[in-house]
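Below is one structure. I have some questions about it.
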Amino acid sequence: MSVVGVATAEPVGNAVAARRRKSRITKSPKIVVGASILAFFVFIAIFGPTLAPHSASWQASNSSAFAQPPSAKFWLGTDRQQHDILSQVLSGGRSTMVIAFVAGIVASILSILFGVTAGYMGGLVDEVLSIIANIFLALPGLLILMVVMKPLPAGDTDNPFLIGSVIALTAWAYGARVLRAQTLALRDQDYVESARIIGERRPRIIVSEILPNLLPILASSFIFTVIYGIGIYVVLSILGIINPAQASWGTMIQNAQGASAMISNDWWWYAPPALCVALLGIGLALLNFGIDEIVNPRVRSRRGSRRGVRFQLGLTPVVRAARPDSSSNLDIAAPVLEGES
Amino acid sequence: MADPVLEVRGLCVDYGLGADAVRAVTDADLVLRRGEVLGIAGESGSGKSTLAYALTRLLRAPGVITGGDVLFHSRSAETGETTTVDLLAAGAHELRRYRWSEIAVVFQSAMHALNPVARVENQLTDVLRVHRPQMSAQERRARAVEMLRMVGINADRLRSYPHELSGGMRQRVMIAMALILQPQIVIMDEPTTALDVVTQREILEELMALRDELGFAVIFITHDLSLLIELADSIAIMYAGRIVERAKAAELFHAPRHPYSLGLLSSFPSLHGERVRMEGIPGSPPSLAAMPDGCKFHPRCPHAMDRCRTQEPPLTRPTDEGGGRVTACWLQDGRQDPPEALARAYPPLATPSASAVGDLSRSTS
Amino acid sequence: MCAVRAILRRLAFYLLAAWSAVTLNFFLPRMLPGSALQAVLSSIRSAPITPDELHALEAEYGAGNKSLLSQYATYISNLFHGDLGTSTSKSVPVTDILGTDLPWTIGLVGIATVIAFVLGTFLGVIAGWRRGGFLDTLLPVATFFQAIPYYILAFLLLMTMGYLWKWFPLGGGYDISRDSTVTPGWNGGFIGSVVDHGFLPVATIVLASIAGWILGMRNVMITTMDEDYVLVAAAKGLPRWRVVWVAGRNAILPSISSLALSVSLIVTGSIITEIVFSYPGLGLAMNNATLDADYPLMQGILLCVTFAVLVVNFLADIVYVILDPRARREA
């Protein structure tokens, strides 16, 4: 996961733009698809364990020593211990989702505390907070988590809030950097300046003038942290660093690997959890992509070529079309902004 | 009168395509004569920059040229022969050949027009490398030094990056860059707007001196009509994407024929002429998407008649004039007497002193 | 010179960061809850190492009676002497293990990152220049790979191209058992084996990171092309590739910053990839160390990777200062 692509937003100050933004959200296919995927997995996280035909630890009572392929009885087959894969997949998502969202929320709070404070206060405070953030940025989070979590007792690794918060400790710094840069830009905006001049108190300016304009960036870095959190949690459980008592997608893959399911080609065992994780990541990325395009309309792809006209820098196209009498402008619709089709 | 170096006929420019398109420039006609300064003035959004960038095919997306001709009559420096190129029909390769070597552009803000990561030297010599491939590295460098000296910059600035120069110096570098290939036409888009008044004046005076020396023609785009009165030979006034009046600078100054030109002239204090009350123009220009019917200026025009609301006036010669000037106003079609302010004669019949025309244009033309 | 001053200033930051990492490494075991630390110590005590080494390790993990400050002093002094303790699972100095495994990781991350960055930046320049073109339709596909967590992506590649289609070996860094003529060293057979084994791990890292470079470069390219100086380059009649170059040369600067920012993420990804493909680098060593509860080795690897990340960050900073004349002034 590389971190470029989270573009800084142009501050939007008025209600018209906000309304325009709202209509764009519902029109963007990326956001609609991404949000649907996310909603689906949230649904599974909440109701999956109830919907599952069996509990995750339920074992079919037959004496087979082999994982059974999908059948009418077991839609996704069973693993070697005769656990129902479908039930495990349905109930294994909750811990992953909870931990990733806890990580996202905690990291967002930390990044606001560090980034906005540094950007707004400037000076020595900025210096110190930025150095801390930059140091955290350079630390390899996964390795630290491996060292820290390995000796933790089982009770602790079953606590999603603890695990989520610890993951957040290694993930907040990037958001803080982006928020700092944007706060720095916002601080000099006229409306912030005027709020300062009429004597608004500092926390009030930050909450009511700065934070609303940071929301798109915050959303973007939140989603980024959630994707990171999912990946890290899955890896930690696959590697057996944390051993949750309940089946999770990560532990399912760990079991499959431990039983060499790849060599015996029991794809139904490891593929469902792996694809769930992949699909969830893709849904979140689509959402992020869509938000980015709304915040940054200039980077949206242009559809001029569909009309057979190519725009190239320094070669303005000449289109001599027969058009109605040019003195009548009744055929003219809304103005076209750069980037809109 | 000198022969034309650039002719623009019926140029139309749209922003966007198909049903979404709005017209930004409508049927613009211009003639730029060799060695002449042609000013284009208008409020922001009047289409003056759009026009200038469109005729060089440099207009950015979603700009589209939808009609007209732009004829460039290129005269070879060696043979003196003139060849005519239709810039709107030219391909990328042909355009590239004329760009900068014959038609150069000075941008509004040199701060943004100079590449921040390249040294001044590279930005001056890269055009030589492309357009004068026979020149050696030493010759290119010598030429760059010569150009910098011409605009009053020391040669040691060749090694500088743009951010190390002051605003005035950057604009001088930009001018040196524009003139380095001795083009026949230089398009200047508000070249001094970003500078303080003193630097602005210095640079304009240098520019006009350089024009006398090198003989290039200038299309000078500005919202500052007073500046044009001083340094332009002829002036085109644009409003809502249309040229509404075109005349010699002195004619326009002393005897405007279009109410909009008159409004622009009354919105700045005259240094030399008689005292007039500064008026400005009430209202604001229409948006491209919601143009009024008839004359586009009628909602702001103090003299608007019924006809102005429904019919658009053509750009023609006022009935009482014999010269080359044209205006697009129904008041001037001879069916009624225009108001006194729009019916003045030029040259004035009785007053001997016509000295109100700026000193610069006099001394240089 | 300004450039030197700018770089020295950055160097000061990296020294501070390195000291923070060292200190963090010292305090990590001491911050663990008591039961966790006991688990660490008991795993050390049961290790097949000499009493001297055991004593040194116990002291390092705070079991001795010395004050925290003197422990810290010993730790720093050991570090300066290149002593990272003894691996409890392998009974050899941690630095020996780092010495053998680090080159594999550097090779893997280095090659993958260079490919991803160079190719991604190049494609991003084209996508930004020809906006709405073919590459724009390809972009969402690339983003999918970026969104899939590393482990899952590596795992899916291994399952399909390794197990299912048998195009590539299933793991390891090289294979000398299949062909007795192949011996480790600079010979064709061995290098071929290394390339063969390295393909899937490199492909994983490239696939997972390239979308970021393409997208980042494309977006910056689009905003850069709105700058006047790019239009000036076109107005100058420069050949098209020169105009693209002017825009790309400016647009690459944010990508260099991003490269510095994301090194630790790339390294994290490569550690995961190594584990999936049993690639003989630090990631695999880390995984084995956690399985064996070999804390000295885990901490040694953590420190080593952190230092490597800091060095790469510093190099990226130097490149940035070289590429952007304005950065030299802001020192």
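Note that the chains are named A, B and C in the order they appear, and that numbering of residues resets to 1 at the start of each chain.
Definition applied: contacts are C-beta pairs under 8 Å (C-beta built on N, C-alpha and C of every residue); 3 or more make two chains touch, one makes a residue touch a chain.
Here the structure is a predicted model, which means the values were calculated and not measured.
Q: Are the chains arranged, by touching, as a line, ring, star, complete graph, or other?
A: Graph shape, chains as nodes and touching pairs as edges: complete.
Q: Could you let me know which interface, A-C or B-C, is made of more C-beta pairs in contact?
A: When A-C is set beside B-C, the one with more contacts is A-C.
Q: Based on Cα centres, what is the most central chain?
A: Of all chains shown, the one whose C-alpha centre lies nearest the global C-alpha mean is A.
Q: Nearest whole angstrom, what separates the Cα centre of chain A from the Cα centre of chain B?
A: 51
Q: CA centre of chain B versus CA centre of chain C: separation in Å?
A: 56
Q: Where the centres are mean C-alpha positions, what is the separation of chain A from chain C, in Å?
A: 22
Q: Hunt down the residues of chain B that sit against at least two other chains at once, touch-wise.
A: Answer for chain B, listing residues that touch two or more other chains: 58, 60, 92, 95.
Q: Which chain C residues touch at least two other chains?
A: Where chain C meets two or more other chains at a single residue, that happens at 226, 231, 234-235.
Q: Where in chain A do residues touch two or more other chains at once?
A: As it turns out, chain A has residues touching two or more other chains at 302, 304, 313-315.
Q: In their shared complex, at which residues does chain C touch chain B?
A: So the residues of chain C in touch with chain B come to 226-229, 231-240, 242, 246, 249-250, 253, 323-326, 329.
Q: Under the touch definition given earlier, write down the residues of chain C that touch chain A in their complex.
A: It is residues 13, 16-17, 20-21, 24, 28, 31-33, 35-37, 39-40, 116, 129, 131-133, 136, 140, 143-144, 146-153, 155-156, 158-159, 163, 208-209, 211-213, 215-219, 222-223, 225-226, 230-231, 234-235, 243, 254-255, 258, 261-269, 271-272, 275, 286-287, 290-291, 293, 295, 298-299, 301-302, 305-306, 309-310, 313 of chain C that touch chain A.
Q: Which bits of chain B are touching chain A when the two form their complex?
A: Counting only chain B, the residues touching chain A are 12, 15-23, 26-27, 53-54, 57-67, 88-89, 92, 95, 287-289, 291, 312.
Q: Going by the contact rule set out above, which residues of chain A touch chain B in the complex?
A: 302, 304, 307, 309, 311-321, 323, 326-327, 329, 331-336, 338, 340-341
Q: Residue numbers of chain A touching chain C in their complex, please.
A: The contact residues of chain A facing chain C are 1-5, 7, 30, 131, 134-135, 137-144, 146-148, 150-153, 156, 174, 177, 227, 230-231, 234-235, 238-241, 253, 262-263, 265, 267, 270-271, 274, 277-278, 281-282, 284-286, 289, 296, 298-299, 301-305, 313-315.
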